[in-house]
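By written order: A, B, C, D and E. Residues from 1 in each chain.
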Amino acid sequence: MNGIQPPTIEYGQLSPLLLVFGAAIIGVLIEALAPRYLRKSLQMPVTLLGLVGSFALVLTVVMQGVPTKAAAEGAIAVDGPALFIWGVILILALISVLLINDDNEFVASAAAVPGTPEEEDAIAAGGAHTEIYPLALFAIGGMMLFASANDLLIMFVALEVMSLPLYLLCGLARRRRLLSQEASVKYFLLGAFSSAFFLYGMALVYGFAGTVSLAGINDALGSVGGQNTLLLIGTGMLGVGLLFKIGAAPFQAWKPDVYQGAPTPITALMASGTLVAAFGAVLRVFWVALGNLDWDWRPVMWGVAILTMVAGAVLAITQTDIKRMLAYSSIAHAGFLLTGVIATGAEAQNALSLKGILFYLVAYGITTVGAFAVVTMVRDAGGEAGHLSRWAGLGKRSPALAGVFAFFLLAFAGIPLTSGFFGKYAVFAAAVAGGAVPLVIVGVVSSAVAAFFYVRVIVLMFFSEPAPDGPTIAVPSVGTAGVVAIAAAATVVLGIYPEPVLRLAEDAASTLFIR
Amino acid sequence: MELYVPILVLAVLAAGFAIFSLTIAPFTGPKRWNRAKLDAYECGIEPTPQPVGGGRFPLKYMITAMLFIVFDIEIIFLYPWAVAFDALGVFGLIEMLLFIVTVLVAYAYVWRRKGLDWD
Amino acid sequence: MNAIRVLAAPEPALPNVQSFGHDPLWITIIKAVAIFVFLLLSVMYGVWMERKLISRMQHRYGPNRAGKFGLLQSIADALKMGFKEDLYPNKVDRFLYAIAPVILVVPAFMAFSVIPFGPTVSMFGEQTPLQLTDLPIAVLFVLAMASIGVYGIVLAGWSSRSPYAVLGGLRSSAQVVSYEIAMGLSFVGVFLFAGTLSTSEIVAKQASGGTWEVLGLSIPMPSWYVVMLIPSFLIYAITMLGETNRVPFDLPEGEGELVGGYQTEYSSSLKFALIQMGEYVNVFVVSAVSITLFFGGWRAPWPISLWEGANVGYWPLLWFFIKLVLVFGGFIWVRASMPRIRYDQLMAFGWKVLIPLNLAWIMLVATVRAFRIEGADRTALFTIAALVVVGCLVLFFRFDTVLQRRRETRAEELKQEFELLEEQPAAGGYPVPPLDLPHYHGADRKEISSGIH
Amino acid sequence: MPWLPILIAAPVLGAVGVAALPKGSDKAAKQLALAVSLVVLALTLAMAFQFPLESGKRFAFEQTYSWIPSFGVNFGVGVDGIALVMIALSAVLVPIVILASWHDADGTGAENPPKRSVKTYFSLLLVLEAMMIGVFAATDVFLFYVFFEAMLIPMYFMIGSYGGAQRSYAAVKFLLYSLFGGLLMLVAVIALYVTAGKNTFMFPELVGAVTDPGVQKWLFLGFFIAFAIKAPLWPFHTWLPDAAAQAPAGAAVLLVGVLDKVGTYGMLRLCLELFPDAAKSFTPLVIILSVIGIVYGAIVAIGQTDMKRLIAYTSISHFGFIAMGVFAMTSNAQAGATLYMVNHGFSTGALFLIAGFLIYRRGSARIDDYGGVQKIAPVLAGTFLVSGLSGLALPGLSSFVSEFMVLIGTYQRDEVLFVTSAIIGTTGVILAAIYILWMYKRVANGPTAESVSGMKDLNGREKLVIAPLLVLIIGLGFYPKPVLDVINPAVQHTLTSVGVKEQPPVAGVGQANEKGAGN
Amino acid sequence: MTTHYLVLSALLFAIGAVGVLVRRNAIVIFMCVELMLNACNLAFVTFARQHGNLDGQLIAFFVMVVAAAEVVVGLAIIVTIFRTRRSSSVDDANLLKY
């Protein structure tokens, strides 16, 4: 044989990924071959089976012992953190998919122009696009790949596999179509712009190191002299691409628009899954590849983290739309998480930070999905009642729902005995141990500011009199009710007895990232 | 690089010839102004005013363009694979089969959604 | 591996990619000018030949005034066009309008630079292959040039600012890109066998088909890829027509629909001549590519190839030229005998038939070829082969039956709708006068002006 | 017997039970809540009687369960004398408050506030009780923090949902101030854990763990600001008048009576013992703030037109005394401060409750809307006077003892700062007389205002509410020894931890000493 | 030698980036993004030559695929909003503000 050895691919380790993508492809096939009335009843089980099966596969991989070597010729690292993040993404995806199951959120025919007879026909025909399922699966697979990519190229591909379906999904809201389509366009244009930055950064880093594998870049940091400009600019541009995805300031502008415009179940998926995946990628790039360059990127990251926390907290105050407010809160949370990213040091310190971040991601992700699930249930004639003023007096109208939502908000604010508190504590503790005390102080101050707008919503819900024509609470579908229940339960359990999950995160973090 | 020099030479020749023809045409031909002659030709009816910027294209062509891009990319992958087929062997075959099947899935979807139909 | 080696063994001294790039500039210029002139002449006499041949097929004489057999007809036409008014219609985007023919014609010429005309010869004392240049990606280069040509079409249509031209431009470009995919796919089989994209090496690989050892017998394999890859070639032949907008795919010039397509506003003059030239050169390009990839390139055909000197020196130029004339003749033959097809049929044919067929064929070829690789897992290969075949069949039948069923349902629905409407004319939601309403002619009523006119 | 976990769990379970009652069973909810709180009181008393006075151990009834080993967090509870009396204070006040708030959520008051969920109110009250007990019982700093923060939420909802007209503003202000302080404390907690490097949050382990004076100062500030906001110390006090004025009377009692004590308790327990050096270097600052608070609170109180705001401002003044006592770092002062926390709970509690009764009847908190109540409702006015006098520390009433001990203790330091502070602090007593008596005069004396003419006197339930408080006020005024006996060992422990050497008592205060502390 | 290509690629990237920021038509912005991607490709290929390994060229392939996918998705989105709004200027898309 001349030359090319077939690469070894550890199918066992990659099976969770492959299953998700496989399910997505089967979804497309169903779209192609199944008649319309059957599609939804086929798609939903396929999607759920894919996700549950993938989660089971993750567990199997864990049972068989966390691999110590990167899979697929070093392209994908299935290490402790990656497996943990996969599990988290799959859980979040699973509960988001339960939300996505709600037809009422999605457009019946994306191609029909709003207000035309075609659209009316499509709505009358009932149902929504069932393409959302395979699209969501592709996005989820992309998220998983993004968090485990051990090579910038794979990371870039994963970034796009994750983003492209999301761009489309954003434009599929049934109500407020223009808003949704605008969100889609904005997300797409800005997302493509940022991924171009990521790519150029990757090119420059490749120019410096001669390789795009994270381990190779790390090696090159030591061995290659000169050409530092390439590396620094490249790092910066990589950072732009990644920070955009996590919505860190000053690249946060898309988040509120997109969160507001997108169909709420998709917002839930984005706000939870994408953030988790993007942090996985950020950690990999900045710790694994550029770990030895921390003296150069850390100051910038300090600035970004501070800006993100402050911007998220302060801008959220002025919001009048519940989804925009949650978007800004998500920005602020991204800032809190960044403090953990910055707090690197010796190996033990890294493990500590990683543990904190992983736990935070779980806690925040689940609560976020729950919060958006509640948002889907508060409706008036025009669909979801997004404007905050419409939420006035909800606590009187529907104490249980408002109570749960208030609880989620308190978790966002980081009040003790909610999951958010331990998340924040874990990250801040790591940051303090890593010597980032000023950052933590900024963090707590902005948490206090952030608490203001969470509390404001609670005030509106509980302490204001309900408007006479206020929104109705939709009778939740089993899926939506389940999501809210799961999220609330998780928020409580993680707030009272977080030890098991913390232990898991610790185990996952203890191996750190493999190179 | 040297491989491309001859192409450049030929290109210069062809372009030179074409541009020469373009430039010489106004001098060799007569000039007789005629309003109707300079209107857009529309089988004798009054020309439809065309918007500045060329107006809009029917959506159909966009879809064709998108599909073209997708399949062109597929071709781009097929060529190196075909060239290196002997070296890649069965592994390459299986991989390419998977790839083509994946594309075919999307293709089947487009087909069923009438993306390939013209009216 | 040995089998491959045998199959691929080039004759010594045959040019390959390494043979290029060593020419002194003057040789390059000579070759370039030669190709250029050859193409100019080809276009002229190609037009003549087409007109003549097609006339004969239609029992006409064809051009016979200018020169013997009308041989100077093309020159006369060219001169006529040169002396016609150079029109710039009112609204056109002047720059693009002028430059579009150039964009159309230059890439067509450039594509010829990688076409091999013959083996290495001694030219004015310099050893040089009879080919302007070769690239490791030569075939890709040809495709690229074809793609750039599409810009010419689109820009020509778009800059004309005329509905016919715009639509014609779009249609042709959609057609060209659609058929380009099928064309590109039909090359893959060749590359699987040749293992290279370089045109000179592909020709070299077609020198001999090698032998196939069966039951102790050495059966010589046919050397031209057209034999082994006949489906590829057939598809390519179809796409040739589509790619160059020739009958039966000459939709852009469907007068009944679009007048002259993207060239509507290029009424005459040299710009029109350039466009025509570009089209003809494209025809020659695709013909030359077909010769190179499927018909052994400049190599002499079988009976002649028994002669030792057939494939050396300048002789191959002749074989190449003959092949070119024959292929071009095929174009004309098709034009004379085929009707033009509808646009939707054209696109459907390209997308729904050629592409899947092509892909299936490629996989089949690859699977069969993989059998020759030593140590290959035969079971896996058989499985794949079976999968490919079964998959194709299943897909075909599935789509076929589904389409059939859908057609029937639709027909049924329509029938029912008509029946319903016959019974209750107002069922469609619109107030409809009953069909049997006595027709009222209004003869005894005075017409009242509506005031509109 | 794991007293403290039971004490924490019982109200929580009670709260769940109350919340789980079917719709419309308001009365059952009230009764169940009262029953639970009485059970808790009984348990607390039972525990208090078992409290070993002379064991020499730092904490009694210690229970430690591993909670979050990943963070080194334990569910560690235990009480010393200080914590015990604070728990007892909470346990006593809650049933009283429940009884007093019997109709707060019914919508039957004079103001005709809208009817609100009764169940929620009482279950919030019980949750709050659990948190209060928990915060005083925690021997794990992290657990302390958790209770410290979690306490805010039930109080927030009690103010926000059941309060007066400005309730949502007040509730948000309250929550944000406290949260802000709490978050600063969180940083300090984390930093304490990191710098101590003991991998545990258990308080006894952490004492003396941080030695670097610079770090101590920062950590001290982190904790201190949180406590100063909570306490509230001048200038962090602005939320209190709003919150107390808008809260329903019962909630106000718990807010000022217990919740705010967490601040001073935290100063005494955490700030002093964990960061003794820093505490010493910040002492002048704190003392000055306290003195300002004493005088400022008193002066502003005089100018108030709203009864509840007035009481809130008096509390600010009193918290100045307590903080001064804590930071004077003599056994007299600290014991006095601790005692003051208890006494203040009772006397201010009584004041708020009675003010609440008045407001419930009249529908207004404005002092000007009253007049001549004494003639119409003599019992009401009488109890009002007694609790008011306790507020101004009339000898014989409980506050006097504690205030006197604080002042003496401070004076004992015999440094210019302390002596001056003590003297200025004494003016607070005079000012207290002004604001209390003037308020009483305007409300109870003089011609009967038309609007109060139909006012009913205290009914049986209300008498039942006030009686125990008055008994305690008077009882502790004459015989504070049992409480002081409990407190003193703990204070000694604290002072040992801080490393203060007791100065020889100044001549002439021995009598007070004898009367007060008995040591 | 490679420097020229890098400069060209940087230039193209910058033109694309500026175009994204300055232009207002969604399709033009989108084309600018594609320009940026292709600038990246140029850089990759150049670096591949500089380093003498094939990674860069390989990446260029992947980038092409991604760019194609982006084109498909992007055009779909832009066409949808274009049909809805009858304009592809992003300035007209102003329902979402801070």
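Here is the rule we use: a contact is a pair of C-beta atoms (placed from the backbone, for glycine too) under 8 Å apart; a residue touches a chain by one contact, two chains touch by 3 or more.
Computed from a predicted structure; not experimentally measured.
Participant: If every step must land on a chain the current one touches, say how few steps get you from chain B to chain D.
Facilitator: Tracing touching chains, the least step count from chain B to chain D comes to 2.
Participant: Could you tell me which chains are in contact with chain A and with chain E alike?
Facilitator: Expected: B.
Participant: Can you tell me which chain is nearest the middle of the complex, judged by mean CA position?
Facilitator: Answer by centroid distance: A.
Participant: Of the other chains, whose C-alpha centre is the longest way from the centre of chain C?
Facilitator: D
Participant: Could you let me know which interface, B-C or A-D, is made of more C-beta pairs in contact?
Facilitator: Higher C-beta contact count between the two pairs: B-C.
Participant: Determine, using the mean of C-alpha atoms as each chain's centre, which chain is farthest from chain E.
Facilitator: Result for the farthest chain: D.
Participant: Could you please state the distance in Å, as a whole number, between where the Cα atoms of chain C are centred and where those of chain D are centred?
Facilitator: Once rounded, the distance between the two centres reads 92 Å.
Participant: I'd like to verify one number: the distance from the centre of chain C to the centre of chain E, where each centre is the average of its C-alpha atoms, in whole angstrom.
Facilitator: The separation of the two C-alpha centroids amounts to 31 Å.
Participant: If you average the CA atoms of chain A and of chain B, how many Å lie between those two points?
Facilitator: 39
Participant: Mind checking the centre-to-centre distance between chain B and chain E? Centres are C-alpha means, answer in whole Å.
Facilitator: Here chain B and chain E have centroids separated by 20 Å.
Participant: Specify, in ascending order, the residues of chain C that touch 2 or more different other chains.
Facilitator: Only 1 qualify.
Participant: Provide the list of chain A residues touching at least two other chains, using ranges where the numbers run on.
Facilitator: In chain A, the residues touching two or more other chains are 1-2, 33.
Participant: Counting only residues that touch at least 2 other chains, which ones in chain E make the list?
Facilitator: Residues 69, 76, 83 of chain E touch two or more partner chains.
Participant: Residues of chain C touching chain B in their complex?
Facilitator: It is residues 1, 4, 17, 20-23, 25, 28-29, 31-33, 35-36, 82-91, 98, 101-102, 105-106, 108-110, 112-114, 132-135, 140-141, 158, 160-166, 170, 173-174, 177-178, 180-181, 184-185, 187-189, 191-192, 195-197, 259, 264-265, 267, 269-271, 273-274, 343-344, 347-348, 351-352, 355-356, 359, 362-363, 366-367, 369-370, 373, 376-377, 380-381, 384, 387-388, 391, 395, 399 of chain C that touch chain B.
Participant: Sort out for me which residues of chain B touch chain C in the complex.
Facilitator: Touch residues, chain B against chain C: 2-7, 9-11, 13-15, 17-19, 21-22, 24-26, 28-32, 37-43, 47-48, 50, 54-55, 57-58, 60-61, 64-65, 67-68, 71-72, 75, 78-79, 82-86, 89-90, 93-94, 96-97, 100-101, 104, 107-108, 111, 116-119.
Participant: State the interface residues of chain E toward chain B in the complex, per the touch definition above.
Facilitator: 61, 64-65, 68-69, 71-72, 75-76, 79, 83
Participant: Any idea which chain A residues touch chain E in the complex?
Facilitator: For this pair, the touching residues of chain A are 110-111, 113-114, 153, 156-157, 160, 164, 167-168, 171, 177-179, 181-186, 188-189, 192-193, 196-197, 199-200, 202-204, 206-207, 210-212, 256-257, 260-261, 315, 318.
Participant: Considering the complex alone, what residue numbers of chain A touch chain D?
Facilitator: Per the touch definition, chain A meets chain D at residues 355, 395, 399, 410, 413-417, 421-422, 424-426, 428-429, 432-433, 437, 440-441, 444-445, 447-448, 451-452, 455-456, 458-459, 462-464, 497-499, 502-503, 506.
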